[in-house]
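Dropping the structures in below, format is structure tokens.
Heads up, the next two complexes both have chain A, just with different partners, chain B and then chain C.
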Partner chain A sequence: MEILVYGTINSVSLALMGLGFAMVYGISRVPNFAHGALYIICGFVTWTLLQKLGLPYGLAIVLSLAANGILGILMYRLVLIRVRGMSISEIISSYAIGLAILEGLRYGGFRGMTYTLPVFMDGMVVIGGVPVDYHRIVMVIIGILLVAGLWLFTHFTKLGLALQGMAQDERAALMLGIDSDFMAMLAMGFGAILAGVAAITILPLGNIVVESGYHVLIMSIAVCIVGGLGSWMGAFFAAFIIGYAQILSVVFLGSHFQMVVALLAIILTLILKPSGLFGQQKELEDRV
Partner chain B sequence: MLNATDLMVFYENMLALNNISITCQKNRITGVFGANSAGKSTLMYSLSGIMLDIQKKEKMAGGERITLYGQLEFEGRDIMNMKPSNRARAGIVLCPERRRLFSESSVIENLRIGGYLATKEQAKVSLEFVMALFPALTKLQKRLAGFLSGGEQQMVAIGRALMAQPKILLLDEPLMGLSPLMQATLIRAVKKIQEESDISIIVAEQYARPVFPIVDYAYILENGAAVMEGTRDELMDNPDVKSAYFGMS
Partner chain C sequence: MSKENRRKERIDRGIKVRSDGLYALLSWREMAYLIAPRFILIAGLLALPLLMPGLYWQRVISIVCIYAMVAISFDFLAHYVGLVCLGGAFFIGVGGYIAGIFNAYFGMPPLVTIPLAAIAGGGFCTLLLLPCLPLRGVYFAIVTLMYPLFMARIIEAFDLFGGTDGILGIDSFSSAFVEQYFVVGILLVFLFGLRRLVNTDMGLIFTAIMDNDQAVRASGINITHYKALAVFIASAMGCLAGACLTHIYMWSGISQFALDFSILPIAATVIGGAGTLAGPVIGCLILVPISELLRDFGTLRIVFYASILVAFILFRSDGIMAFAKRKYEQIERWTQV
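What follows is the complex of A and B.
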């Protein structure tokens, strides 16, 4: 039971981390290696608004999410737009931006264990003999709502459908009047906001430390590779596979095996099925 | 309504389009015929502006240098440097070679994505028009576009382009790889688009024979140059055209 409950919680938090990365890559084919940095900076911005300026928690969250979206859009407009389509340059430049943000925060004084966000709700409940605090339950609910919302958005709204079209064939979308640079910019903004949502829901469970930016980046890459790059539904399922595998390894092997499991999952996927669980674009093409 | 004057396109130093001037009148079907590599697709990409996107991408990646010269005018406006997405907005919609459907989306989603530029009301009307034009699609709405047959895919591709509210529809090799029966069905549909709307159509095809009966005016391309042009009847009577494109002497 413990495995089931904590496996689910862990999986949802991985899915939250990975969704933004998967979405940006799926739509604009830009591997956003600054994803972890966007995650952490959102945490620090929220902390600053909340603790230094004394804004109410809800307002601080909304403002920092908006700031994150703008940051993502600026990143695209100022830098990534010039290298889009060249994978190596995309990786190098987005990683460089990520490093600059993360190390900049470190030198800017955001060090140590003193930065924390309050949980949304205090208290806990016992599920099947396992104590779970309310915040973790809220996190699972947010994760599920987010995935459901994304699914509805990409299937039933004009903008979501356009993003889906662009993800599959950018030039064909262009022929239908879908401006690909604008859409890629929007995707980057959405991705940054998703990173922010992940930060705000996950960070209250621990301290805000710069290092977890790298951790989030590695986990989201793991989730996306196992799920199949570009398929955010795949990323969601992969999050559950890795999430449970991690909890199992904690229970049976020891807590320091958590990271090993994720990295092993990347390597095994690349060896056994490089396109990932749901990366089946190629197969579909072969059949027709 | 669409006028291209002295259009030239270079890939590095290779001349892909050589001084082509073509015109398409309102609600007319214009044919562009020519063998492989005669420049049909290059012409279609230049008219729809996709060439500018190809040019940009090649330039960023340090690939081929593509240069365009000439004048392009649509409804009295100069559109030579207009972005492809804005050209689509203005009403020039390309239905590309090899269809390029969104193969992981269903048929109805493909059509809805096509309706990105349409208002809700327009999209509804266009969807009804497409379904009346291709009744075969009605049953296939929920199927993934990638799993359809070639002919059905072409129907979706034309339907998707129609959803974008074109004033001029560019069809690049719509009959490629299809059975004669399917070709006839599609050609009838193209004729019907002309009759039941005021859309102008440019069809580029390798084989003139199936398309010829419905065109009002046609151009014949060879090695990137328009070597002949005329109304359907003029070209029909031309002995060179007969032997080269209809297999008659």
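What follows is the complex of A and C.
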């Protein structure tokens, strides 16, 4: 029962981390290696607004999400748009931006264990003999709502359909009058906001530390690769596979193995089936 | 000439044309023109340890050479074979650990462990990367980026070879002088060896694999065999660099798998000039000392070199070497359209 409950919670938090990465890659084909940095910076912006400026929690969250979205859009507008299509330059430049943000935060004095966000709701409830605090339940609900919302957004709104069209075939979308650069920019903004949502829902469970930026990046890559790059639903299901695998490994092997499981999942998936479990890429394009 | 209807024209210098091929033997001047850049690089690298004030900066030169070896191997794999390997730290770490194990546990001297680490480490890395060889582009890049992280976690999880403490008590080189000339010498051998290699028939096959692997396959050449060979060459170089690093710091540990060793060589390659082999060396000569100078600023130096990297990717994506080559070989002038 413990495995089931904590496996679900872990899986949902992984899904939250991975959704932003999957969205950006799915639409604009830019592997956004600054994802972890966007996650952490949102946490710190919220903390600053909340503790330094004394804004109410809700307002701080909205403002920092907006700031994150703008940051993502600027990143695309100023840098990534120029290297789009050259996958290696995309990886290197987005990774360099992420590195600059993370290490800049570290230099700016954001280190140590002193930065925490308050939880949404105090208290806990016992589910099937396992005590779970309300915040984790809220997190699971937010995660599920987010996935459902994204599904509705991409299937029933004009903008969402345009984004989906671009994800399927960029040239055809261009011919139908969809501005691909604008859409990719939007996707980047949404991705950054999703990273921010993940940060705000997950970070109250622990401290905000710069190192977890790298951790989040690796986890979101793991989720996206196993699920198939560019497939959001794949990422969601893969989060459950990796999430349960991690909890099982922690229970039966030890906490060191949590990361080993994720990395092993990436490597094995890429070797055995590079398009992932739910990937839409053609096999031939990925492998010789 | 108004600004709109003019363009920049680039014409080869006379001496460049004259010194192509056999005609270079016409006069001393042509030969000097050909030899000068190579001579400056070799003499400069050999003189650097002597010019440096103090032990600290001499040590920096050794580190420059180690990074340069990894950068050359990245450049070779990415721009001559078409395999973008973001896991330079994997080679450094494997080489470092192998050298450390053979030195600390079996008592072999550095002169034995370093070649051993190169060969055994190259074999080990090739074996592990073998299943990934059919992958292309982003997929190969991501999987190689994950390998060093994976190795570090495995060592941590199973508490292998001293676990998080690493292997201590490794012999250093017999003197600082030997250390520097050893790494500088190896670097020069690798640099000119690879330049020669990419012009041989084997190099031609490597480039063909990068351009169109299906065509190479259709010619009856086993591409996996050649890719594995290229990975072996590159990883042996990286492992040798890692072994040198272990003996310089007299320690090998998990931090040798850190992302630093993957990113800095790539930054150096982008800045120096991708696909030139000499470019990465120049990039390292610029980046590593800058990063040492900024050591007082702590992590701000990482911000600094990440920004340089992004700026070069955006505005000077061909790098310093291509720019210098153009200036050396061509004249530029504005002409009327």
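Everything that follows uses one rule, which is that the second predicted complex is superposed on the first by the 280 of 288 C-alpha atoms of A that agree within 3 Å, B and C clash if a C-alpha of one lies under 4 Å from a C-alpha of the other, contacts with A are read in each partner's own complex, and residues count from 1 in each chain.
As a working rule, a residue touches a chain if its C-beta (ideal position, glycine included) is under 8 Å from a C-beta of that chain, and two chains touch if they have at least 3 such contacts.
Quick caveat, the model's predicted, so the values are computed rather than measured.
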item: First (chain B), second (chain C), both or neither touched by A:H256; value: second
item: First (chain B), second (chain C), both or neither touched by A:E103; value: second
item: Partner chain in contact with A:H155 - chain B first, chain C second, else both or neither; value: first
item: Touched partner set for A:M175, first chain B, second chain C, both or neither; value: first
item: First (chain B), second (chain C), both or neither touched by A:Q164; value: first
item: Partner touching more residues of chain A, whether chain B or chain C; value: C
item: Chain B versus chain C as contact partner of A:I221, first or second or both or neither; value: second
item: Which superposed partner A:Y95 touches (first chain B, second chain C, both, neither); value: second
item: Partner chain(s) touched by A:G234 [first = chain B, second = chain C, both, neither]; value: neither
item: Chain B versus chain C as contact partner of A:G143, first or second or both or neither; value: neither
item: Doubly contacted chain A residues - partners chain C and chain B; value: 82-83, 285, 287-288
item: Chain A - residues contacting chain C, complex; value: 31, 79, 82-83, 87-89, 91-93, 95-97, 99-100, 103-104, 106-107, 214, 218, 221, 225, 229, 254, 256-257, 259-260, 263-264, 266-267, 270-271, 274, 285-288
item: Residues of chain C touching chain A in the complex; value: 78, 84, 86, 131-132, 134-139, 141-143, 146-147, 149-150, 153-154, 156-157, 213-214, 217, 223, 259, 263, 266-267, 270, 297-300, 302-303, 306-307, 309-310, 313-314, 317
item: List of chain A residues in touch with chain B within their complex; value: 82-86, 155, 158, 161-162, 164-165, 168-169, 171-180, 182, 281, 284-285, 287-288
item: List of chain B residues in touch with chain A within their complex; value: 48, 50, 53, 57, 60-61, 83-86, 88-89, 93-96, 100-105, 109-110, 112-117, 144, 146-147, 160-161, 163-164
